[in-house]
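Two complexes come next, and they have one chain in common, subunit A, joined by subunit B in the first and subunit C in the second.
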Partner chain A sequence: MSAPGHFIALFHSSQMPGEIFNPNPVVFSTSKSAARQSDLLAHSLWVTDSSQSEDEADDVEPIDQDEIYDLIRSIYDPEHPNTLEELRVVSAPQVTVGPNSVKVEFTPTVPHCGMSTLIGLCIRVRLLRSLPERFKVDIFVKPGSHQSENAVNKQLNDKERVAAALENPVLLDTVEQCLSNVGARGIV
Partner chain B sequence: MDVDLPYKPQWNTGHEDRAWHVAWNPAKPLLASCSADKTVRLYSYASSSNEATPGLEFQLITSIPTGHAKTVRSVAWAPAGQTLATASFDSNIGIWEKEADEWECISTLEGHETECKCIAYSASGTLLASCSRDKTVWIWEVHPDGDFETISVLMEHTQDVKFVSWHPIEEILASASYDDTIKLYIEDPSDDWYCFSTLSGHTSTVWSLAWSPGTSSYLASSSDDKTVRVWRRVAEHKWECVLVLGGHDRSVYSVSWNKAPKSVRKSTPGCLGWLASAGGDGKVLIWELSEPILEDNTSGNVSLLPPRHKLIASIPSAHGVHDVNSVVWCPREGYEDLLATTGDDGYTRVWKIVPTT
Partner chain C sequence: MLGVELLSLVVSLTPAEKLNRQIVRVLTSFFCGKLDDMATIKPALNGLATLTLLQSFSPVEAVVTIEAIFRHIKMKSIVQDQRFKVFSIIDSVMAFHRDVLKNMGKQFLDGYINLAEGEKDPRNLIVAFAIARVILIEFDISGHVESMFNILFCYFPITFRPPPNDRYGISTDDLRMALRNCLNATPAFGPLAIPVFLEKVSAGSRVTKKDTLQTMAVCLPVYGSALARVSARKLWNALKLEIFQPVDPETEQEALKTTQILVKTIYMDEEEALEHDEDIQGLARDACEECVHILKEPEKTQAKPAIKILCTFMTTTPSVARYTISQAVPHLVRLFLTPDEASTREPTLLLLSDLIAAARDSTKKSSLEDADPPLLPYKDEVLGVFIVGLKLITTRNAALSGLKVMATTKRLLSDEELGFIVHNVNEIIQADGEELYESIEAILEVLTIISDIAPRHVVEQTLPLLSSSLPDTAPARDDATGREKCWQTLTTLSKLCIQTELFEQLVIRLTTKLDLLCFPSSEQMLSVSADPEPTAAYAHMILKALAQALSTKVKGKHPDIAKYLDRLVPIIFNVFVSSAFLSEEQMIVAKEPRLVQVAAEIINFVVQSVPSEKQRFYSVELSKAIIDGNVSTIAEGFQKAAKSERFSIFDASTTSAKRNILALLSAAVISLHKEARLSLRDVSGFLEMLLRWVLDIADNDIQKLAALHIVSSILNRQVEDLSVFLNTKLDVYWNTEIVNDASPLPRRRWAIKTWIWITKALLVRKHPLAMKLTEQLYDAFDDEAIGWDAAKAIGQIPSPDTVLTKANHAEVKLIPLLLRGLDLPDAEIRSNIIDTFLAAAEGETPEKSLVAEHGVTLVNAMLKNCVSNDVSSTQVRISALRYLAVLPSIVRYDILHPHKATVLRELAKVLDDPKRAVRKQAVDARTNWFKYKG
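On to the complex of A and B.
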């Protein structure tokens, strides 16, 4: 029912079909997951007992920057076969975690990137699906990194627009594709 | 003032997904809520028959599978209480009436190009306003037998229109937008409806509007800038911001204003009623407002003084860890102390505001 162009209007991107915003992104090598706390946790016998996970979801347990980063680093860029980590769109220092809040800042590869709202939406969906319900998530582009910084930020943090976007089958399909490999690293 | 335990519908009556909005029937003991699960749920309420648990009992009476293809974003009752309107992200408006024992869709209003966000009946019930992400506000004339006629399409906002609300007495329409402004419209008798005023002041999306009770010379607005603003009518076609209320830590999604219970009205000179606000911080705040008093009567313009205001109740975590999407006072005489809220947890909750003594 929804035309493919629907989400473009929804997110006010000016992208024309087939247009590539950044044809030659710089790809960085990924970290080898040095001994981060989250890896230690992942190997802990306590956490691998999956039968507890339902109950634990409601418990207040601290979540750190690296865990959030692990959840989002393997999201694919919508127009490249690379992950957000490889393109350095996201990084651990750009994640801020409070007791009940998470703030993620990301860096579009080019300042005119029309995919920024889609990237932000993928990050939001990933965190919505992974984090305990008590977390309020705010997503912003890195200050100065995008020519429509305020417009992108406003859309990404408007729950009504996000809810409507996720009811658009074409857009949701695109998000799912970007999230198809997120389990590669993240601990959920 | 304190907040009594919530009158909460039974556990199995919540929506299956985020509950967006709730509307009290103005004439009958009925409450309608709507949700991302595309249903509308109707609750009835009555005094408890059990002496051990006095108070009101709420009961789910039906769940209407609206047939909307997407989220039902808002619901509105016509003033007579016979007709219910639904606004959906599928861009359509549904008009519902009870026929025999079933709620039937008697009309579907098509016209908006994208998500319809809000609908509102005028005080007389002869006009229906709707708004959408397509940046327009539509005014429909209500004819008998589920007939509607588009009488105006207002294209004044530069972004999504989030909310529409009619003045409770005069035919003045207000709209709130993602463009951070509020616009006010009236009909030119010899021409079309037009925008006669734009209220600027909020620094982000304006989510919701509420007129003061009584003569309705005030308008309250809630915003993504975390504040509630109160605007006062200083001339027939002129409103000025006279008060900014803080207290919320995240976006304020909803505001509702109603007259206070009779006992409070009697004991409070110039009482402007109770204003409730709620939002992404999960909090519900309730303010008592009253007309300003000019202390120095030698000079000064009383109309620009802020109304007196005090916080009389606060409900933290009204829906647990979830956002509160709407807060609505019961408009029925004698039930002014009842407040309904909906949340991302899918529930509708009803609160009674009672004195602390």
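On to the complex of A and C.
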């Protein structure tokens, strides 16, 4: 068993100035959620100002794939001023939601990406802060997309290591930087 | 020792004019003599510090003092405040006897350097840096460059952090600025400084990087172009790293700024010498080539920083800008026309658009503003590329943003070319289809920009296209698609027609259509009468479109709105007044209350934009209409009925349709300035009549509210004339209409609504009676029948409304009352109250917050309201969470800090709310509280 320190060490090695794992990944244009066509006129002849009608209905809206994807899509990549969505590191279909569990798979831009652990950590922190405690969150790199797949997965899903990592102020600061714009989400 | 101290004290207390040359000379030599004794050094320095400020302190004493200090003082063996005195003495001598120090030459420089070396206290350093700057600029330091460099650069970068409870008031930035002013004081530092900068920028922390980049930016121009040129490569390599792999956006910005200054420093000198089309050599050329090379993969992340660098080059020197554009623009154009993959076309256009935006902005606010735009030589190719991009759905939005930049570049496009753009954009509109709505915002932006420069094209090409797609008769009841299309076209028109000429056209076209719909020809009458609702709904859309356009114009404070008092308002009145008359004999479309409401909005927008001078004339006619029922002047238009007939709205025998017209009149009345108020003989009598009319005659909500709005706005503007009404009539009203349980319930409810509007009018004016009237409502809480309505009223009184706008902070006095209201069981009341708090939060800051003293109570109240349970509603939970999210930005951290953990814990529960919209607000609120730090 490697100590929690190993996580930090791995992170630190990826922090060496000038060392960049994927210097030039492709940026994809993101889908602005398609402007919902007003279907008001189909039900009624009249245009109205607001559509606050069904809000008070009793139906429960369970937490779903899109909602979780929306929480993590605007996390910044630690190496580039782009979001995980723009770099296609995460996507909605890579999120699976069960009654009390969430699985998030992400795709590093290159197989030797030393930032993978950090990216996973950012996703974990964001979900830790945004999801109810009853959810068990598992975070994995996409199978076959990373050289040290097992090591990365192990670190990301080990409670103690994650907790230890977050006690490191430098590391926490970097995570906060990556999370600085998460409020933007996709649907504005 | 006591003697020296006493003497020093006496000197400091003696009036300056009593200390003549003779005395000063004696005292100076006495104090200097005491500098060699550790026991007397402190009072001696104090004495000298006083003396150096005196006019009678002559150059001779200056030399004596400085020499004595250099000879006797060992800085390392005295404490901070004594060292501070030493620096202060030198600073004074520097201020009053600078030439003496210059004449001392090497002796002074050696002595001072020796003295200043190793100083660590920030208070002393501030003085030392000021002295050093003078030395560097004014003294001959040719023999001391290296030692001056050593005693200054050893502090760079400043890492000092003021201790908590800092008593000296010296910030990190104070020290940074003072040091920076030394580092850039002489070009002689250049060759020694560059390696230091390079090391600090690449190895430093975020803070160090930023400081170093900013320092370089102020130093490079002083160090000169020759040094910049020889160090260009090394500097560029360091800067490049901060741009292509930025640690944060701020550092990236600083690196770009420093790059710009570096390039400017290198090329500014030779600018004059360069011929117009001569190639440039050196850094700019190399860097440009490097970036253009990276742009070969426009879809990759590195393309963005590359284009940022090229954009920065646009604001350096004209020759560099010319060269940059000549390299990058043709390259991007080529890339678009012959892409490796079709998918790279969109990023290519976005990059091109960024670059030409930088080109456009580069000449702003400079002497080049009237020169030809830098893009001019490449205009045709670029325009061509964007027009091609427009035709493809995937590149359309990128092309539109490029066209927007071209249209906003002064002196770039000819009138004909602007027409050409409009023509091509119209083709997309015409093709219609689903995808049009993906781009409609961008299309509108381009057309709006062009309509500001050359409205003719949009008026002549786009408007006819859009309005011709609006049918003359309403889509049938089952034609939902047709209705949807009408609304989309009208929305587009209402967004597009904001500019003066376009709006004028819109009003003409839409009012004509409105009249046709409301008064159908005899052939159409039959089909409209069979099912009038679709026609009413279509007329409603048209009115809505006019209201939307006006709302945008009101926000932009457009001066042309006022003229529609003569051009639009009478037509609206004409349509509705005529309809009210005709409704007695035939089927009529425009008597539908929803239409009346939008019409009222339109009238309100126009009248509120009319200057009070002109309003005064209008209010005379308005008074005639309200009091005598004479509407002939305010309702001129196509229909005759409105002109010939008279009607008395308040008469019990009049029809409901006619009474509805009060809504239109009220919309005008509530926007009158105080000086343009209605001409009423007996104001109090008029208000009493309205109050009676609300309860006895008016037969629907529109009428009743219209009357109450008039009451409220008159009361608000003329409260001083109405003391009798307020002090006696209201008491009677309260007893007979509100607490009188013999009165029917609906009547009592309207009496409470009346009470609300009266109180609102006073509250906005901060009238003392407002509090009394609000308190009075609490007395009605126990009433079985109306207790509930009275409670709701508490929430409604301070909530924002469209009648008494310009909501001010009068609500704040109500905070304790409002807080009580937050415990009421009704969710709607609580939601109202929280929205009031939200409205009041705008403009609040932690430094100046009116809710701070209630911060803790508010936190607890909001936490209670964001939990999902039987007495909660989605709306109240969302409002409470929004307010919780705002609190950290309006209340100082030390006030709420003890509650941070509780808030985070409670919000964690709300993350499991059954409603998605609530969870989203909970996540955002929680994020703000995570970030909330001291």
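By definition in this document, the second predicted complex is superposed on the first by the 142 of 188 C-alpha atoms of A that agree within 3 Å, B and C clash if a C-alpha of one lies under 4 Å from a C-alpha of the other, contacts with A are read in each partner's own complex, and residues count from 1 in each chain.
Here, a residue touches a chain if its C-beta (ideal position, glycine included) is under 8 Å from a C-beta of that chain, and two chains touch if they have at least 3 such contacts.
Only a predicted model underlies this, so the values are computations on that prediction, with no experimental measurement involved.
Chemist: First (subunit B), second (subunit C), both or neither: which does A:Ala163 touch?
Modeler: After superposing on A, A:Ala163 lies in contact with subunit B but is clear of subunit C.
Chemist: Answer with first, second, both or neither: which of subunit B and subunit C does A:Asn100 touch in the superposed model?
Modeler: A:Asn100 contacts subunit B only, not subunit C.
Chemist: A:Ile63 in the overlay: touching subunit B, subunit C, both, or neither? Say first, second, both or neither.
Modeler: The answer is second: A:Ile63 touches subunit C but not subunit B.
Chemist: Who does A:Arg134 touch here: subunit B (first), subunit C (second), both, or neither?
Modeler: The answer is both, since A:Arg134 touches subunit B and subunit C.
Chemist: Once the shared chain is lined up, is A:Pro81 touching subunit B (first), subunit C (second), both, or neither of them?
Modeler: After superposition on chain A, A:Pro81 lies in contact with subunit C alone.
Chemist: Of the two partners subunit B and subunit C, indicate the one touching more residues belonging to subunit A.
Modeler: Touched residues of subunit A are more numerous for C.
Chemist: Take the contacts of subunit A with subunit B and those with subunit C, and give the residues found in both.
Modeler: Dual-contact residues (subunit A): 133-134.
Chemist: Show which residues of subunit B lie in contact with subunit A when the two form their complex.
Modeler: 18, 36, 69-71, 73, 89, 114-115, 117, 133, 160, 162, 178, 204-205, 224, 250-251, 280, 321-323
Chemist: Okay, in this complex, where on subunit A does subunit C touch?
Modeler: Where subunit A meets subunit C, its residues are 17-18, 20, 23-29, 34-35, 37-38, 41-42, 45-47, 52, 55-56, 60-61, 63, 67, 71, 79-82, 87, 129-134, 177, 182-183.
Chemist: Residue numbers of subunit A touching subunit B in their complex, please.
Modeler: Answer in residue numbers: 1, 9-10, 100, 133-134, 136, 154, 157-161, 163-164, 167.
Chemist: Can you check the complex and tell me which residues of subunit C touch subunit A?
Modeler: So the residues of subunit C in touch with subunit A come to 202-203, 241, 244-246, 248-249, 252, 294, 297, 299-304, 346-347, 437-438, 477, 480, 483-484, 487, 533-534, 537, 540-541, 544, 594, 873-875, 908-909, 911-912, 914-917, 919, 923-924, 926-927, 930.
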